[in-house]
Amino acid sequence: MWSKLTATEGRRGLLMVSPPLVYALLLLAFPLGAIVLFSFWTQNFMDVDTTFTLNNYREIIEKPIYFALLQRSLFVSGTVTFVTVLLAFPVAYFVSFHVRPDRKSLWLFLITIPFWTSYLIRVFLWKVILGYNGVVNTGLLNIGLIDEPLTFILYNVNAVIITLAHAFAPFAILPIFVALEKIDRSLLEASLDLGESKFTTFFRVTLPLSMPGLVAAVLIVFIPTIGDYVTPELMGGAGGKLIANMIQTQFLALNNAPLGAALAIVAMLCVTAISLLFVFLNRRYLRGRS
Amino acid sequence: MTDLISLTNVNKYYGDYHALRNIDLTIKTGEFFSLLGPSGCGKTTLLRTIAGFEGVSEGIVMIGGKNMAGVPANMRPTNMVFQSYAIFPHLTVAENVAFGLRKNKQMDKLQKSEAVDQVLEMVGLKGFGDRQAHALSGGQRQRVALARALILKPKVLLLDEPLSALDKKMREQMQVELMRLQRHVGITFILVTHDQEEALVMSDRIAVMFDGEIGQMDDPETLYRRPNSRRVAEFIGKMNFLDADVKSVSDQITVDVAGLGTCTVNAEQAPSGIDTGKAAVGIRPETLAILFDGEKTERETIAGVVDEVVYYGDMTYYDVRIAGVDNTLNIAMKNLIGRPVLDVGAQTTVVWDARSLVLLP
Amino acid sequence: MSLRIYAIAYLIFLYAPIILLPIFAFNDATIIAFPLSGFTTEWFGELMTTKALHGAVQNSIFIAVITASLSTILGICAARAGAMYNFPLKRGILGLVMLPLVLPEIIVAVSLLIVVVQILDLGLSNWTVIAAHVLICTPFCIAILNGAFQNLDPSMEEAAMDLGESRWSAFRLVTFPLVMPGIISSFLIAFTISLDEFIIAFFLTGANPTMPVYIWGLLRFPSSLPIVMALGTILVALSIILLTIAEILRRRGMARVGVKDKGGFL
């Protein structure tokens, strides 16, 4: 019986993949379903009312605070993504094209190390760097570039963006690096041979071929940043709070889980829609070229 | 020689895909048998059903008189040399070779290491035992793979394209070594290859496979000289094809060949059961000749014009156009002393012989 | 050349916060700001005597060890299935398992919170944190183990079976030793992620906080900030050591099977 069950490759593969699959179904798919269901319910303190209602969504639409938070969140995520990917590309390019092959993994190792070290403390340290008496301000004061400490770099959206861009840097570098590594170097020589300059070769060959990595980098930065509430909490001040802070508050402080669930769903839908649009536009762009 | 392996009406399906079709074959003890065919023809699948890595959907696989149904690979008296060699990279050469002896309780440590030394010497790797496996060259890996399988003294050694990863020179050297080794150990070898030359050089018998079925099974000479179908003829060596019309069939066959005219061939030059009507005639390039100035022949001749010349050093291949035929005739000529290489467009005389024609359905 | 300068500047940007950690950890002042006032090891001493911290550290290590073990086992299953077999819905299944990699962590946190508290009506404990951590660590483990499994010649196990081993002993004797460095490196990475994870733990932690949740509490009290710096210094040193071991093992694994190194984690 057992050998019959494992007889074919497909069955054996399914059997092999079933533990992680069952785990993901039970602890990911099922909870995601639950959160959708919950968003159509209401809660009064501890009592959950399970009658179907659109009230949570209605409230989100009607109260401008949610829309403002969502808008700011998307703006922050978008900017963080843009800045991170833009800053990361040259680094990935450098490591892939200009670093000796036996040194590449050392560079990647150096790039990933800060990513693995205490996230909370790292975020907090940006406060130290950007603060009133922080590293940046004392430094600039000492060399006489400014007369009094800069205040626009802490407790606002800028500070949130800088900190998040730092936190997600390796996420952006690695996929781009992988895509660049896959490019057959003789393609670049072929392009030079066919009369393109190094500069135009980059735009006509290297960049289009690295597009899958760029897209992966964009998605892997854009989507998770929407869910971060630590950085805005510590760095954002009053005007720098984001939608994730509101979700957290609804769940943990106000005990309004259904509204929090609805907010989480709305945020996810927005992020997914924007991501899909981005992927779609990117495909059209690539197809338009060829 | 007795039958060691017999496959009866073996079929294999992957979903809708019919990978092996009605395979019937027997292989004798001590035989060097080759499965030859283009990629995707099912030859490797057939080898793997003998090894026990694939089950059969229908039919019977017998090895040494025992039905192999339900017998897994590790319980079969077969051992395999994999296309990638599958040398365990974390073990030394000696550990690789001794891998299959782990469960052998009859041999002690010393006997095992002696056996390893012995088989390493046999494959020409004496003194390599302590080397790390991943530091070996392609040819050396192949020898380790051979040694690892041969040490278990299998009834059948299965070789899955064992020479395809080697360069041309190494391949030719290993062909000879494999034949010598096979004669030395006397074990049945089954070789899978897509290289017709390799199969012709090494095998006692060859099964040519297409689309999951065996097209023809014969010794190399018969296969080359008397292919039973156009696709076998095309796959093995070069062959010129001419349209033909069979006029009468008795002890001898009268056939009207396009461009050559009516001629008579013996019954063995045609597949059994051939009937009058449309057919094809195959002629090997080396059985045709060009009549150079000053040479004479008793055989048939026909006028032609040189269409293409390909010079190989020892040989020159000519494509010659003759009247009444659309395609050209490919002719192989040895570059003997005093023979010029003709130019394209040269008027020439082609020599042919009815005894070298093969009638094909 | 200018690219190299840019890359080095970028590395400095990446390391800027981490370099500050030990500076303030040994600074003899309660305010985390320049100028520095003097050298002290007082804050490290205080770490030793803070009972609540010890409890949090123990909790976190317990969670991290279990998380790392479970997610590595799940990772082995998925990586092996992905590398060696074709099966129906392969892309979709592996996509679902890898999904937490791109899912905002807060979504994982709140959805599990709802299921555990509202639907199953269970209390929060270390196990709820473990459940979520395994979910987010498994994709990383798969990514690391993929490297190990994909470099493996699929004929290798067949060769072992052909030489008389059973399916299981073929895995034990051939595949397992070859992917062992990947397994250890996957374990260490999962351990590091779990030890450091805050966003989810904050939602799902029970009566006993994990270390990051405890640190979060400390961050609100300015007087305890130097202790956080000292703790952070130790943590950074520890994760650098663990990651270095993971990297060395990963490279050794690559060398063992004789493949060329193509890059780091992920």
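Which chain is which? They are A, B and C, in the order written, and residues in each are numbered from 1.
What we mean here is this: a residue touches a chain if its C-beta (ideal position, glycine included) is under 8 Å from a C-beta of that chain, and two chains touch if they have at least 3 such contacts.
All of these numbers come straight from a predicted model, not from anything done at the bench.
When chain pairs are compared by contacting C-beta pairs, A-C ranks highest. Ranked by distance of CA centroids from subunit A, the top chain is B.
For this pair, subunit A with subunit B, the centres built from the Cα atoms lie 57 Å apart. For the pair subunit A and subunit C, the distance between mean C-alpha positions equals 18 Å. Residue positions of subunit C touching 2 or more other chains: none. Residue ranges on subunit B touching subunit C, taken from their complex, read 51, 53, 72-74, 78-80, 82-84, 86, 88-90, 99-100, 102-103, 134-135, 148-149, 152. Here subunit A touches subunit C in the complex through residues 9-14, 16-21, 23-25, 27-32, 34-35, 38, 48, 87, 90-91, 93-95, 98, 101-102, 104-105, 107-114, 116-122, 124-126, 128-129, 131, 133-135, 138, 166, 169, 174, 177-178, 181, 219-220, 223-230, 234, 244, 247-248, 251-252, 257, 260-261, 264, 267-268, 271, going by the rule given at the top.
Per the touch definition, subunit C reaches subunit A in the complex via residues 3-4, 6-7, 10-11, 13-18, 20-21, 24, 31-35, 73-75, 77-78, 80-82, 84-88, 90, 93-94, 96-97, 99-108, 110-115, 118-119, 131-132, 134-135, 138, 142, 189, 192-193, 196-199, 202-203, 212, 215-216, 219, 228-229, 231-232, 235-236, 239-240, 243, 247, 251, 260-266.
Put simply, subunit C touches subunit B in their complex at residues 153, 155-156, 158-166, 173-174, 177-178, 256-258.
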